[in-house]
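Across the two complexes that follow, subunit A remains constant while its partner is subunit B and subsequently subunit C.
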Partner chain A sequence: MLGKLLKHDFKALFKYWWIAAIISLGLGVAAGFSIPIAISDNNIPPILRASTIIAIFVAIMGIGVFSAFSVVMIFIRFYKNLFTDEGYLTFTLPVKRASILNSKLISAVLFTIATTFIIFAAILTALLIGFSKDIFTVRFLNEIHDSVLEIYSHTGAYIYIYIIAAVLLYISITTISTLFLFNCITFASTITKKARVITAIAIYYVANSVFTSIFQILFVFSGSYISDKMDTLSENMYNPITSLILLCVFVFTVFIIGILYTIEYYMLDRKLNLL
Partner chain B sequence: MKKILSIISSVLIALTIFAVPSFAKTNDTVAFSDDFSYVYYNGTRYIATDSRYFYINDYAEPIEVTLTKEQKQKIKAMSITPYDSEFYLEANYLLNNNTSVYCTYINEYYYKHYQNAIEGKVTTVYLYDEDLTFNLQNLLQNKTSILVSEDSEYDCYNIMYQFFDGDVEVDLGVVFKQDDKYYYLDYATAGIEFIHGFDFSMIAEKNVTVYEITDEESLSTLDLALGNSPETRPLFDDNTTMLISGFLLIFIFGIIPLGLLILFLILALRSKTKYRKIFLTLSLICILQIAVFSVLFFMIM
Partner chain C sequence: MNILEIKNITKCYKKNSPVLNGLSISVPAGKIVGLLGPNGCGKSTLIKLIAGLLQADSGEIYVDGQKVGEKTAAVVSYLPERPYFNFKLKVKDLLKYFSEFYSDFRIDRAEKLLSDLSINKNARLSSLSKGTKEKVQLILVMSRDAKLYLLDEPIAGVDPAARDYILGTIISNYNPEASIIITTHLITDVEQVLDEFLFMTYGGKILMGGNADATRTKYSKSLDAIFREVFKC
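Now for the complex of A and B:
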């Protein structure tokens, strides 16, 4: 049943997202062709130079709007599907509530990741086209090659662990932020019937500020503590300990996901308050 | 008419005479002295100097120089790197015996300023921040000698002088703290080589000649820099910071998961519905979290 739910969620989210994604990539290409003119030392007519600078600015803004559009689209679908009139239909479907939540969560996380990839691809396209003269040179490619080799000489095979850890952490942190927003929307819907969206935004803003501050303080303190301790370690222990720290952080993010998921599931299961 | 023509032609001849050498000057021919102590480049004289005392954040490509017949008798090839040709350039000579000579040169116009700076004949010098200035003479008062060892840890601050509109920084010495006293190590007096990005541990166990700083004004500037003044003293010292961070780490990654583990286990035992599965899963994640953190904690400690 989860498969069917996912299919519908994907279809609904993909409906407009692909258009925005293609526009973003197009803006990346346009910015790429504008960069050489904007930064050229040659005697270029001021109007042409100004238009290319505006084009780059519009492209950057457009890519930013695409990012915001994706996030808003995901959460509007979550809200409309579960807490407005549509909610009566959704919750009468012959599926477990966990499946509904899983479907929303998986589709939201995958679309957020896809959005990040599109933004990354758009920026990379702009840079590759814009600075092609400097990038596609033997010297630059050799420098990249040397940098990779230098990193490898420090990390050895641990580089693969770091790459896997980075991917896993990215997915887990995306899941946390998605679940956190789901929590805020659901909590706002359980406590009020009016102005739910504004209440959800307010709750998100306050809760996010509190948690961000706590984690920043933790990061500053623990960062200095860990770096001091790492200095006292022998060099051959550096990579195993770093891997273990990454594992510890990953398990911690899974732990937070577990707690946020349970809270979300509990609210949908026991505290549902439809309009 | 004849008179006018003769004036015009004499002017033209005069221009040609002066123009030829000036055109010749614009090519990349460079003159240099036999002992390489100076070079002429673009009509300006540059004097050889020791570039260890200053740093220019600039990049320039070397320029191959066309040698004259006389010069070719002395050297095989030469290149000039005009980093900031208004102030400084580097020259590489390839001698006929295939040895190369590397020299750095300062524009003669600035050479005197530079010499004055490294000889300490300047008044106002500054610490890493231009607002923290000293009167150099106040730092050069009480000469003494102290033992510097590799194990000692110092807070070191370069003392610098700026000129060439602030584009060139000349390092003159370093201020550091030992046994609650501040000392100024003047490179010229101590006779030690300048080390850029100064690191005392590079001077292995040796007696160095320094100046103990007793001047009130200089001491208050140093207190500001080192965070010893009431306004800049940090809220927590290093040990307290370490203690707080250690406690926070153990609390968040160890104690909270342990407390939640107990809570989830109790909830799992009490619930008989689908929530039992959820609480058991959460308990397992808590156990995993505690296990990984414990291994890490014991490995680091």
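Now for the complex of A and C:
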């Protein structure tokens, strides 16, 4: 049944997302073609130069709007599907509550990741097209190449562990953000009948501020402690210890995911009140 | 055998003012039961508890011998009191959706009923009138071979001609071994199809109940007339 739920969630999310994604990539291309005119030293009419600068600005804004659109679309679907009248259908399907949650979570995380890729692709496209005739592109690519080589000289094969850790942490942090928002929407929907969306936003901002402050304090103290300890290490221990720290951070994020998932599941399974 | 067993159910939306207070009822298989009572007496709350959309504060509900959950959702066909489908969908999308998720959904039956009413499968729900949307919902719900149908105010808000069609659809399409619970306050319209009835009042108390025909014979009155006496303001 999870497969069927996923199919419907993907279909519904993809319906408008792909159009926005293509527009974003198109804006990246448009910005790319505008950059050479905007930065050209040649005698370009001021109106044309101003137009290209505006075009670049609009493209950047458009890509930003795409990001916001994707996030809003994912959470509106979650809210509408579960807590409006559509919830009568969703929660009377012969599926486990866990399957409903898993479907929403997997589709939300995958679409968030896909959105990030599209944004990177749009920005990269703009830069590569925009500076294709410029020495900057060559220098930019050389800089990346040199940086990778330099990092490799320090890390050796550990670079692969760091890349895997970065990918896993990106996925786990995206999952945490998604589940946290799910928690806020579900909690708001279980405690209020009216103004659920506003309540969810208020809960999100309050809870987010509290947790961000706590984690910032935690990371400042643990970061300075770890930094002091790392200074005392011999160079050959640096990479194994860094890998271990990354593993611990990843385990910590998985633990947070477990807590948020359990809270969400509990609310959907035991506290659901569709009025 | 009872298809539905409700044991000592209590449900409060606000503290110390229970909508249902220690309600216990059972519904045998193969019966059409009218859950009748004034607005706000807890009929819809009870139906939502059976459908698993609300959580009881205490007590237990068993459908076909199972506690309310994923397994009972497979045998319960629920019609809410208001439209609950995504209006952007087409009627054929809903047919496909029901076919995928409900193994007991009979798409041929649904298509025939839609065709009888000249409802275009390619029409979007948003383009249909309120009454037609309700008919589409009813057709989908009644096209399942469920063991228990929960119909929450199926005839409220529709014209008398549509009421006749809806009741006709219910009678002619349900599995005779299944049970139907119909909540309504429009007793005159439904009483001819009921096997059993329950008069429910505020707090979820059952004031009266039993076999519809026997009660009518005993009091020489229609259920509607008895209801008016029992709930006289």
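Rule of thumb we're sticking to: the second predicted complex is superposed on the first by the 262 of 275 C-alpha atoms of A that agree within 3 Å, B and C clash if a C-alpha of one lies under 4 Å from a C-alpha of the other, contacts with A are read in each partner's own complex, and residues count from 1 in each chain.
Note that a residue touches a chain if its C-beta (ideal position, glycine included) is under 8 Å from a C-beta of that chain, and two chains touch if they have at least 3 such contacts.
Nothing here was measured: the structure is a model prediction, and the numbers come from that model.
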Do subunit B and subunit C fit side by side on subunit A in the superposed arrangement, or is it a clash?
fit
If we overlay the two complexes on their shared chain A, which of subunit B and subunit C does A:4 touch? Say first, second, both or neither.
second
Taking the superposition as given, does A:91 touch the first partner, subunit B, the second, subunit C, both, or neither?
second
From the overlay on chain A, compute the angle at subunit A's CA centre subtended by subunit B and subunit C, rounding to the nearest 10 degrees.
160
Identify the partner contact of A:271: answer first if only subunit B is touched, second if only subunit C is, both if each is, neither if none is.
second
Please work out whether A:145 is in contact with subunit B alone, subunit C alone, both, or neither, and reply first, second, both or neither.
neither
In the overlay, answer first, second, both or neither for which of subunit B and subunit C A:154 touches.
neither
After superposing the two complexes, the shortest C-alpha distance between subunit B and subunit C, in Å, is 12
Share the list of subunit A residues that count as touching for subunit B in one structure and for subunit C in the other.
none
Looking at the complex, which residues from subunit C come into contact with subunit A?
13, 48, 51-55, 70-71, 73-74, 76, 78, 80, 82-86, 97, 100-102
Contact footprint of subunit C on subunit A as seen in their complex
1, 4, 8, 80, 85-89, 91-97, 270-275
Complex contact set, residues of subunit A against subunit B:
217-218, 221-222, 224-226, 228-230, 233, 237, 240-241, 244-245, 247-248, 251-252, 254-255, 258-259, 262, 265-266
For the complex, give me every residue of subunit B touching subunit A.
241-242, 244-246, 248-249, 252-253, 257, 260, 275, 278-279, 281-282, 285-286, 288-289, 292-293, 295-296, 299-301
